[in-house]
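Look for subunit A in each of the two complexes below; its partner is subunit B in the first and subunit C in the second.
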Partner chain A sequence: MTTLVDQPPAAPAAGARPPRRRVRARRRRIALPYLLLLPALALELLVHIVPMLVGIAMSFRKLTQFYIRNWSAAPNAGLGNYRVVLDLDSAVGRELLHSFGVTVAFTVVSVGAAWLLGTAAAVLMQPVFRGRGLLRAFFLVPYALPMYAAVITWAFMLQRDTGLVNGLLGLDGPDAPFWLIGGNSFWSLVVVSVWRTWPFAFLIVMAGLQNIPQDLYEAAALDGAGWWRRFRSVTQPLLRPVNQVLLLVLFLWTFNDFNTPYVLFGESAPREASLISVHIYQSSFVTWNFGLGSAMSVLLLLFLLLVTAGYLAVASRRRRVDA
Partner chain B sequence: MREPRGVRWTRRAVLGFLIVFTGLPLYAMATSALKPLGDVQRDWRWFPSKITFRPFADIWTTIPLGRYFLNSLIVSGAATVLSVTIAIFAAYAISRYRFPGRRLFSVSVLSTQMFPGILFLLPLFLIFVNIGNSTGVALYGTRLGLVLTYLTFSLPFAIWMLAGYFDSIPKELDEASLVDGNGPIGTLLRIVVPAAMPGIVAVAIYSFMTAWGEVLFASVMTDSGTRTLAVGLQEYSTEVQVYWNQVMAASLIVSVPIVAGFLLLQRYLVAGLTAGAVK
Partner chain C sequence: MGIRQIASAAALALLAVTAAGCGGGGSSAGNPKELVYWASNQGTSLDHDRRVLEPRLAEFTRQTGIKVKLEVIGWPDLLNRILAATTSGEGPDVLNIGNTWSASLQATGALLPFDDATLAKVGGKDRFLGPCLAATGAEGKPPTAVPLYGQAYGLYYNKKLFREAGIEKPPATWSELVDIGKRLTRPGRWGLTLQAGQVTENAHHAAILGAQHGARFFDGTKPTLASDPAANAIKQYLDLMQVHKIVNPGNAEYTDTAKSLKDLADGRAAMFMNQASAGSFQAVGMKMEDLGVAPIPMPDRFPPGGRKVNSFVAGINLAVFADTGNRDGALKFVRFMTSTEQQVALNKAYGSLPTVKDAYADPAFQTEHAKVFQQVLSGTAEPMPQVPQESQFETAVGTAMKTMFADIAAGQTVDAATIKGRLAQADQQLAAGG
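Take a look at the complex of A and B:
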């Protein structure tokens, strides 16, 4: 940083040396944008960049509870942590793989449903009708609600004996199903997650629709295109760039989601709904083996980077083919 | 343009379903907060047997809600003020100057948003503990540590959104102000910031929402004295014996100001949120 700031100004025009005041002013002008960025940069370094590097370093160490207060003294583990985490014969490896599978299934179902609901609502609310503005505001409430308040409410609704869900389904007595433990907990998690994320999809698709020029629809209508044809040939292709970004963001959010399962289930998520973030959290803070936890986090990061890079490559190739 | 009848019926069905789906938890929250305790300890009831405001009073003694509230307010407020201030300067640099590293900065700051929080959590915990041990600056278990963490969560988006907003303010205004003898900082504070007020307010709401709702880092980085609402309520709601009517009252209390603020400033926020995806 300082080297950039102290850089001498570009060589002055041949001949007379410029007055010192002007040199200083010029130097200040070059330094100014960096000075303006400095606080943001320092904090990003402290909270994001440095911890990420430390995390990668930690994953190569035998960092157990004895070294928490002085982590640099932890013995080197080489690839040992990775070997443990990826060993499918060990309990740790098997549980990680299980959690990964649950997370993939959860992400595919939740993102698919949230995207579908958001798109359907946005497309169906495209024409102006009475109460549209009000309805739009109403649909955005789940997005604005503090996330824990919403999820706690769902936890209440999903209580077996006193909850709204069993009340709505008319299930009570000894045969009433549990929603927060066992196999049902996976679907509870999906429903809560979709409830929280579909308004975001709705918001983004709605903004995308507003950017489609109205005369395209009118031209298509003049050509005799029906509603469905207009949707297929105007709406869909013009929404594609928006959808590409939207799906990527939804994927990353949902795959990394910690808050929803943590608030819904508390410290111990049921095995059927153990998402990867919660799994890493639990295995780190139960055993206080941060080396293993970091190795899992690094693997998660690598997976996300791979998927994102692959997705962007496919998306941009498609765009080029279309062009 | 005429629509086929099928589309009309689909609209009614889909929107009807979404109204019920969206509304059920809101209904459950609002009505249960008005129920006497007996109503939430038996089978689900759609209406309170009698309307009572007791839960709104009782929750403050069932759990230390006042302390949680104060902690959340201090942490979210401080994180918002700092985040917005820092973002204003950074966004001004990005919007008005062309300098080496400009793109790199924007891209890398935004991409940190995409990384899993769990990746930072363990190292940040260790770093905070170790900074405390070696320098005496307590970051672990204090509000300060949480403020620093939260402000970086909203910072990338705040910078990005404000830079976009500043771009839409004509540069001629800046130039006129510079000619008048204001320095660049004076121009920023006297000309650009007032003109960008709606954007700044939207960013502030976003920052506040982010800090107000965060659970993961608060659950690890706070102790019983610095617990925020998010963790305090979450802890209580997963206990064995829960007074759900009081929890719903608390949820309502913490939600109404945020939702009201969001809906009032919806226009600015939505514009900022969606600009990136659509561009």
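Take a look at the complex of A and C:
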């Protein structure tokens, strides 16, 4: 691309008007990058920005089944949808708050565990040993499996009466625990989610480790640093930029995860594991109230924007302080 | 190219995109020799449906010269597909809808109303079974669809288990059902199986028992879920697991029909309340000579206001998309599918009930099972509330019941006050949605 732009204009032909030509060439040089960006920009608008704006517009309307055929006829709700959603004395508001709390707890536990597992595995897989490649590939299996098939399999395994989990634990009969309903359902969801996301953490941390120069470890070893000390003082600081992005991405994915709970529990999740994405789906698609669902989505978007902005601000300040 | 030019280019792109999105409208693009038909999944698989329907559609093409493009859509997707079609105006010409969605879809205006003139074109109102026609939209408005397949609930039971226990006939009242259920429950076997984790099934049983207790879930279109009769009805249903212990608490996890069918076929449960489903029983390996069916029990003594109801009018309706470009062809197709000959052939293949009176003369609907369902459908079945918020009602009540079953399975006690609290919450959700 650069070579194209930097190409000198063709040698001026004799008798032509050089200054105007040069102006045109310069203009072309300035315009080219934008022209090249345009398709991407248009697609970005189409795929992300426009639906988002439509969603925001929907949240200010009373868009129920009476109006979905002709959205423009939907009466203006003003802040009505938000008032319903945020009214903690009403069933709708209370349920949303509950679901929000569950989602925060789920995200913290799930991201923490996925990160911990991924880092531990990546660090342990760093020294060369026989079968390392095979093990690394094996660890990536959950990430490579089709999501739907994998989670359905979990759902089968977690059945109380016929599932593999209770079978392996030797729990049978009327006192066997439930995994897909009641309090345990939260932990089932966490386990399945961690199982799905930790290979990603593993992959990213593994890639990050390849960039740490080996001589740093050698120098540290010469100074008498043990394994833990080397991990704390060499690996962790040098992985920080990788971890910053990794944690943010994991957080956003996990917080917004719809597929795992939907496939695991069906269209109505147990209260203890009612993640906000499924809750919003229920509020809009199952009950045909797209205005209310959009209002919840916009609030979710605002929350995620706030957290992301805060996180990035803190992270970059720390980087500046460190530097 | 400055910022302003980029901005205007972007705006232009945006405009082009939105314009493309708004365009369109018709479905078969107005071709009078073609129809697009969305069929619901009535058979044991989508493929089974195609095998049943294709010869029928070929017959229609032979008679009229109109080609029908068939798409069979599974239940988890059908409603979302219809909503998407409604929103975009890009949909089929003719489609199947669950009849409980009638009033909800009617409110969207996406479906062609069958006023008297339109009904006359498909053979007239009087051909159809009255209860089925009552489940085609809000009262006082022209039907939003015509009935295609009739369904009703019945109590399936395993004759072999009954025989072994010396029980001669299926229960006719709830106390008999509980009594028989207790006699048949022993380690590894349960008197009754329920799809307690299935939202819509729960809601259907709440409606049936609700009618027996005299509950009305809507006052006009205003939700009135939290009534004593409704709470009592739901308590009676929950108590089958909670108090009488004739239902495996594990059923709280049952989110589809297959597991209950299998329990009955394998002798792990003796009774199961379901819509006519002989074909599905056969598919899971039930010995068909051991399969009996009876109407769902009635109360021993009706509470005040209780209605003699033991099923809702279940089934599938056939609707025409209002945006169709081939209304004439679509109505011809509706007339064809509801003709006596096709009704016999289709309902025979699916094990459902014809929705037109003439079809019942056929010997296929004179069997013992068919007669039970037929009597229920024509005599003691009541349509689900025909209000726009019906689907919200099913979701709210069904989910609440699913949660309470989960609580019971976990060993907690659910009493009438708790139930009424949950129903009051459902009322609020519905009110916020409306």
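Please note the rule applied: the second predicted complex is superposed on the first by the 279 of 323 C-alpha atoms of A that agree within 3 Å, B and C clash if a C-alpha of one lies under 4 Å from a C-alpha of the other, contacts with A are read in each partner's own complex, and residues count from 1 in each chain.
The criterion applied here is as follows: a residue touches a chain if its C-beta (ideal position, glycine included) is under 8 Å from a C-beta of that chain, and two chains touch if they have at least 3 such contacts.
Computed from a prediction, not measured in an experiment: that's the story for all the values here.
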Check the residue A:Ile30 against both partner chains and state whether it touches subunit B (first), subunit C (second), both, or neither. both
Contact-wise, after the overlay, does A:Phe139 reach subunit B, subunit C, both or neither (first, second, both, neither)? first
Once the structures are superposed on A, label A:Asp161 by its partner contacts, choosing first (subunit B), second (subunit C), both or neither. both
Which of subunit B and subunit C A:Leu46 touches, first, second, both or neither: both
For A:Glu267 in the superposed arrangement: first (subunit B), second (subunit C), both or neither? both
With the two structures laid over each other on chain A, which partner does A:Val92 touch: subunit B (first), subunit C (second), both, or neither? second
Give the label of whichever partner, subunit B or subunit C, reaches more residues of subunit A. B
Which residues form the common part of the subunit A surface touched by subunit B and by subunit C? 30, 34, 41, 46, 50, 68-71, 159, 161, 266-267, 285
Subunit B residues within the subunit A interface of the complex: 1, 3-4, 7, 10-11, 14-15, 18-19, 21-26, 28-29, 32, 40-46, 86-87, 89-90, 92-94, 97, 99-102, 105, 108-109, 112, 114-124, 126-127, 129-130, 133, 148-149, 151-152, 155-156, 159, 184, 209, 212-216, 219-220, 229-230, 233-234, 237-238, 244, 247-248, 251-252, 254-255, 258-259, 262-263, 266, 270, 273-274, 276-278
In their shared complex, at which residues does subunit C touch subunit A? 1, 6, 9-10, 13-14, 17-18, 80, 83, 86-87, 89, 104-105, 107-110, 197, 199, 248-250, 252-253, 255, 388, 391-392, 395-396, 398-399, 402-403, 406-407, 409-410, 425-426, 428-429, 432-434
Could you pull out which subunit A residues touch subunit B in their complex? 4, 30, 32-34, 36-37, 39-41, 43-44, 46-52, 54-55, 58, 68-71, 117, 120-121, 124-125, 127, 135, 137-150, 152-157, 159, 161-164, 166-168, 172, 195, 199, 203-204, 206-208, 211, 217-218, 221, 226-228, 242, 245-246, 249, 252, 255-256, 258-259, 262-263, 265-267, 277, 280-281, 284-285, 290, 293-294, 297-298, 300-301, 304, 308
Residue ranges of subunit A touching subunit C (in the complex, touch as defined): 30-31, 34-35, 38, 41-42, 45-46, 50, 64-66, 68-71, 84, 90-92, 95, 159-161, 174, 178, 180-183, 266-268, 270-271, 282, 285-289, 292
